[in-house]
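Here's the structure we're looking at; comments come further down.
Here the chain labels run A, B, C, D, E and F in written order, and each chain numbers its own residues starting at 1.
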């Protein structure tokens, strides 16, 4: 692999990104047709954050965070840094100094298929991170990788400029050209859910609300009373 | 397996359940003779919840939450929904709409050997869940399973009507007919602990409080002073 | 192995320990030359604690916490109890009664390569624990191990009297004789970081601050503009 | 738990067991309605063995193989020893001496949700074992468990006298009273497979053999030719 | 996701594929610039197989092998079936009947990020499989997925028509358009290795053969004789 | 950490090493008092090998095999190369060229807490390896580590010159100064086993051979006949 940095201006529209942030991960993932989700080992370092932004992608070597510095230069305001690794690794490739730099560039968060450290500081700074591990293990700066190439991060394919949505439920990737449609489908889905929520809260069963009884019977489901014993 | 729903009224007494809730998981597990504990990968989605209730059991297929809807209809006030899966799976089989439905039926919590989603909403609703994963991954409704049959959930055997106790330490299953005895043993154990706690806080050593020194010596334990070096 | 308890007075100086506590795990680990870190599966039971203290080491059998009682007697004020296990195990070998006893001896925390229970109580007591698991699983008191021998705990070698530093980033072990030097190096490092943080916050890039551009070019990194597509 | 040994003569019929052995794990599991399978981490120590026999169950403590000795006395010719553990453990609880003893009693194999050792000797003896790990780690004989009580082993419920079928595909548990029916269903299934195998080998597609095309179309599947690019 | 099957004739040249098969996975992966490798949990069901072929990709649901049947129809002689799953799953989605069908179509092997069964039969048939698990767990045929779309399989991106190389070292994916160049680079690399192998076998050190001593010294490596002790 | 290579002549006696090789891992581990065993994830790349030799230790960075080259120069005939890593890593840090070099120096095998590749070639060469993974993933040569310092490898402490014993049961470390005593204890243990094996094969139970019945009864074990049901 020739190490390369691709400079690109491709971004999704800000209003679409705002919509996806408001929908959150689970609704966006459904609106995507249940695709694009990262593996569930990706967890936030603190609860409650919800972000959406364009991906700047980094492909790094295990135990080496050199390319994270390179990637930060490519961030534009509102972007999310997405770090994939050429092999499974949990080293703490990112800490409070790098977060300071990301924030100075207008970056709004980090998705990293490796470890992160200084999590107490990051939490106090309000800088959200989704990672596979928390680890103080320091890294070297020895071998280049690439920035803004397509990467597989935590099992999901990410192109630079794709929209990353992340919250307590995980991280989902929305292809840039599908972002507007996905947001529209998601808003429609959310509207439908409001009515369902009201009816379910009133005691109506999903079995009836979704009309499942016939299909279940056809699939062979039977009901029996437990015999006295 | 013929998919089946067993309707049953078997429940443990409310006062016994209240006792077990107040004892919590670790004391109940000890009172059970150290049996009935689910694997420690079952974790609460938020800290501090402690519940006890009768189990309504669900056996579902991986990636398919159809039977959760079926199970909810069998809940009575105070019950706990227990979802096992025919294969290891982390998909988000349960979210805020289903929780709304469970609460409307009087259900008090969920134990699921799979994933859960909408955890921010569930936390705000105060609906406690113990799961093996948090994941936005959506599921299908295609293949029936069963409700209120005995299931193995996270390594523990659960019969419908067994009492589930869950808190920050994990999840323990108390067979229905053993619930009253377990509660009594647990209360006795707790009373004994109060005295021990007072004496340990005063500086008495467990070695003396429990009279371990002789047995340790008999088992071959020796004491040596470190040589100057 | 003959089970043995070594009585020792070897401790690092209190002022050095206080320095390491203030530096925290990630900085201490860097000051150590990136050595001595426990595996990242060691997690705190609650966020925000940061401790440093001399290690009293325990080697226990899986599912057996007898030696924890023995170890507590060897604690001096300010010490940290470090429990290793002869085989991977997640049982809850430690709970609120043992914590009461540790605190009565002046111990300030627990590092355990196994499980812990009563975490709600431990949190309310403000007793910090770093463990590989949370589990209510009770243990026996049947087979002796040793106290204050060198142990491998979560992948790190710990000698009695070494300084343990633990916070949200994990756990690091500083050999007793290296503690003063490590603290000095760490303080120097921290001082340097302050200036870097200020410059990064002002928008200066790490690429320039650390002078990486030349080395990256020499390593073959190239920049390309994305073609219009 | 009061440690107990249950003496029982309950066994399935030898001819049924022979049938199940000849069907193997995957066919038996299908004939069971896809239930009763142990987790796939249970692997044979050498390839090619296929056994079936009545279960003698052991519940042991982690790192303690005392009850294995107790269980061996309860074996009758043709039986399979099934060892569950009260907590996840990989210690080598069983080796060539115990295998010698099992074979002397007529036992035909071991299923153990823990570790095994002396695997070179066991292989030379032709003694098949399915385990979660291979480990030389020795165990103590300190704490009793039980023999011939129902146990959960590798996620499957096993009653004493149930038929265990094990081969390269894993381990499945057939309840004693369901064994004859399961064997009959399995033989029927196997007969059907022969015809299918012949037709598939001749190039007929499963899509046509099983008549799936209509259902797939109804489920929304569409076919498209890739555009030239 | 609209379930879709893409019909495509895109294949790499047979001679290039034969070259890659002869190079094997490790050399091909190096020739690719150390990209395209699947996670190391992908293991062959028997040792010694080495294959290369064009990928026909399948995206399936967890516990559902319906789309495997659909994918087989798209196989051409020499192709490799590559099955990805929308969520982590170890169920036995493929067995000897499906292998019979694949072989009848001229398919030469299976790569599956899930489980496989009937491994004894598959081994006897000489049908090579690389999978994440071996499991008898049966699957349903209920929910469609897609065939010949790009998939992420075991962490690697696979487009239909990419060349899959698999042997005892794992599985690597070579993009179709990069296949010829990769084969050429790999052959060159292999030629170089022959000379190195001869010199190393003669006792020359890698330190000298690769001229590493100066760079190591510059990187700070020092040599010391152990003091007598 | 200053990267350093320690040159040392410390070795255990050849006759002692030969004894330990003949005893194998499980007996040696018992003779050590059940200490010194590496984690059971360390597996041989092919079955049947059994080696013992003095350790030459390497501490490497994740994804970087530079120090393996450095370590090979320190090998003497009969030595075993032991590679630890500063962080969990599965990359293929070692292949057939390095094995050729090790063999040319008289080295007899490799223990590596990371990945290995070219396993088909290594098997044909008869070069035994115990590793945590098999992976084609290539590594860089960028950052120095150390050779012949004490390392923690797969959970076990290894000093240069310690005796490594490895076979199908795993890997055990015998401190150099304890090697002769361990071999003597092991031979004694093996002699005792011969008599036990003969008696067990004749049908005598371990319960009687080891006189366990009284202790079991004292520990509370009771026997019951299953009631007719």
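What we mean here is this: a residue touches a chain if its C-beta (ideal position, glycine included) is under 8 Å from a C-beta of that chain, and two chains touch if they have at least 3 such contacts.
In this text, all values refer to a predicted model and were calculated from it rather than measured experimentally.
Peer 1: Where the contacts of chain A and chain F overlap, which chains show up?
Peer 2: C, E
Peer 1: Between B-D and E-F, which chain pair is linked by more C-beta pairs in contact?
Peer 2: Of B-D and E-F, more C-beta pairs in contact link E-F.
Peer 1: What whole-Å value do you get for the distance between chain C and chain F if each is reduced to the mean of its CA atoms?
Peer 2: Here the centre of chain F sits 28 Å away from the centre of chain C.
Peer 1: When the C-alpha atoms of chain B and chain E are each averaged to a single point, how far apart are the two points in Å?
Peer 2: One centre to the other, that is 42 Å.
Peer 1: Show the residues in chain A shared as contacts by 2 or more other chains, in ascending order.
Peer 2: Residues 2, 34, 86, 88, 90, 135, 137, 143.
Peer 1: Graph of touching chains, which shape: line, ring, star, complete, other?
Peer 2: other
Peer 1: Let me make sure I understand the interfaces: which chain pairs count as touching?
Peer 2: A-B, A-C, A-E, A-F, B-C, B-D, B-E, C-D, C-F, D-E, D-F, E-F
Peer 1: Which bits of chain D are touching chain B when the two form their complex?
Peer 2: 1-2, 32-35, 39, 86, 88, 150, 152, 155-157
Peer 1: Note which residues of chain B are touching chain A in the complex, please.
Peer 2: Touch residues, chain B against chain A: 2-10, 46, 66, 69-70, 72-73, 90, 92, 95-98, 100-101, 103-105, 115, 117-120, 123, 133-138, 141, 143-144, 148.
Peer 1: What residues of chain A sit close enough to touch chain B in their complex?
Peer 2: By the definition above, chain A touches chain B via 24-26, 29-30, 34, 37, 40, 43, 47-48, 50, 167-170, 172, 193, 196-197, 200-203, 205-207, 210, 212, 216, 219-226.
Peer 1: Going by the contact rule set out above, which residues of chain B touch chain E in the complex?
Peer 2: Residues 61-64, 86-91, 135, 137, 140, 142-143 of chain B touch chain E in their complex.
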